[in-house]
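Take a look at the structures listed below.
Shared between the two complexes below is subunit A, which pairs with subunit B and subunit C, respectively.
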Partner chain A sequence: MKNFQIQIRVRFKEGILDPQSQAIEAALQKLQFKSVEKVACDKLFMIDLKAEDEGQAVQLGRQMANQLLANVVMENFEVELVSA
Partner chain B sequence: MKNFQIQIRVRFKEGILDPQSQAIEAALQKLQFKSVEKVACDKLFMIDLKAEDEGQAVQLGRQMANQLLANVVMENFEVELVSA
Partner chain C sequence: MTSGMTSRTSTRRWAVVQFPGSNCDLDTFKTFQAIAESTGNIEVIMHWHEEPIQKNQYEVIALPGGFSFGDYLRAGAIAKLSAAVQNLEDVVEAGAHLIGICNGFQILLEQKLLPGYLQVNSHLRFISKTENVEIAAEAFPWFSKEDVGAVVRYPIAHRFGNYQLQKIDLAEFHPVLKYQQNPNGSYESTAGIYRKLGKGSLFGLMPHPERAAFEALKLADGLKMFQRAEENLRADRSGSHENAVNA
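Up next is the complex of A and B:
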């Protein structure tokens, strides 16, 4: 078993209403950042784990996202290997 | 004024206690992901904006992070240009 770091990025699917992003957009406008046109807030989970190889590390990441980290009805996710 | 997309990544400083990450770590362990050793949750703001040039776009991003998006006492941030 070797040490790996993976990154799981979770974001809302196209068309899903995201009140947090809208609130940040409105707050930035109020702070005079008038040139802001759109804000999206993604979540980024950095996970250190042990695995047999890179493939297994990414595979574990996909399982974690499906089971816990992402709401797959409303969100998409991407798993990436950061370091081996 | 041209369109740019910037990305602002906000993460806790080293040594700051992050209960959300700890809770996710514990939940993953309970779901039988025993090989997980550490979890960190970062925030990623994707911002579409208008600016004169790339330098101004990144500069605006730094101001937004300082004024609203990051708690600079506990968090670090990085601003990156994603697309011009």
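Up next is the complex of A and C:
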């Protein structure tokens, strides 16, 4: 078993109502960032774990996201290996 | 003692599942006790979330409001892993009637026993007020045909109560409660959704009927809903008992 760090990014699916991001977008407009067209607030989980190899580390991350970290009814997720 | 235990087999059991961070558990428990006192054969139980629930253990199960596990990650996301929540689908199919109120509703959505998701309220505020809510459909045991169309007053208290639904099968899922003045942006003003499952049912709602259950509060519409459930379940039991005797 080796040490790995993975990151899991969770984001609302396209078309999901997201009042928080809309409020932040409006606040940026108020600050005169007029070129802002869209804001998405993600959740980012940095997870240190032990695994046999990189593939297993990412696979475990996907299972964690499916079972707990994301609600797949409304959120998508991406798992990336940060360091091995 | 033994005969005493035996005589209790006809006792109906209504349970409130208590999670760390539940805060409407006692309101629900006291409401159930009021029902029990008026009927005499209901035992009300506070059920700790770490204990699994067995099939036919309870007639009615409430997942109460509050902030289970601090609502960390997402409301209900961690509570759905509790032992008491794991086999609720089987427990309901076997005949239990499950009501998830506010945080309890959030748990049922996280467990995917009911469709859709709850987003932050459209105006981003925590809302705590009493709302007029219309009973839009029959939902055994909670609402009978004669209740449909009635407007009741239930308190709401939530930040994540903006109920969004996409493509639901209306043959399976029934929006049974609708806000008269949509306070939080919910899809088609939906305040509660109902699903018949096997011999039991699931009812998820954001308003708090258990906080509208005592005359002293000048708000007792919620008590009527629990009384209705008790009457309907009692009638159903005596009906199925007669059927069993006649068979």
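In the analysis below, the second predicted complex is superposed on the first by the 84 of 84 C-alpha atoms of A that agree within 3 Å, B and C clash if a C-alpha of one lies under 4 Å from a C-alpha of the other, contacts with A are read in each partner's own complex, and residues count from 1 in each chain.
The rule we apply is simple: contacts are C-beta pairs under 8 Å (C-beta built on N, C-alpha and C of every residue); 3 or more make two chains touch, one makes a residue touch a chain.
For clarity, every value in this text was computed on a predicted model and none was experimentally measured.
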Q: Check whether A:Leu68 is in contact with subunit B, with subunit C, with both or with neither, and answer first, second, both or neither.
A: both
Q.
For A:Val36, using the defined touch cut-off, is the partner it touches subunit B, subunit C, both, or neither? Pick first, second, both or neither.
A. first
Q: Look at the residues of subunit A and decide whether subunit B or subunit C touches more of them.
A: B
(Q) Under the stated touch criterion, which partner chain does A:Ile16 make contact with: subunit B (first), subunit C (second), both, or neither? (A) second
Q: Look at A:Ile24 in the shared chain and tell me whether it touches subunit B only, subunit C only, both, or neither; answer first, second, both or neither.
A: first
Q: Would you mind listing the overlap between the subunit B footprint and the subunit C footprint on subunit A?
A: 68-69
Q | Of all residues in subunit B, those that touch subunit A in their complex | A | 1, 3, 9, 24, 27-28, 31, 33, 35-51, 60, 63-64, 67-69
Q) Along subunit C, where are the residues that touch subunit A in the complex? A) 73-74, 77-78, 81, 109-110, 112, 116-117, 119-124, 162, 164, 185
Q: Quick one: which bits of subunit A touch subunit C in the complex? Just the residue numbers, please.
A: 16-20, 23, 68-69, 71, 73-74
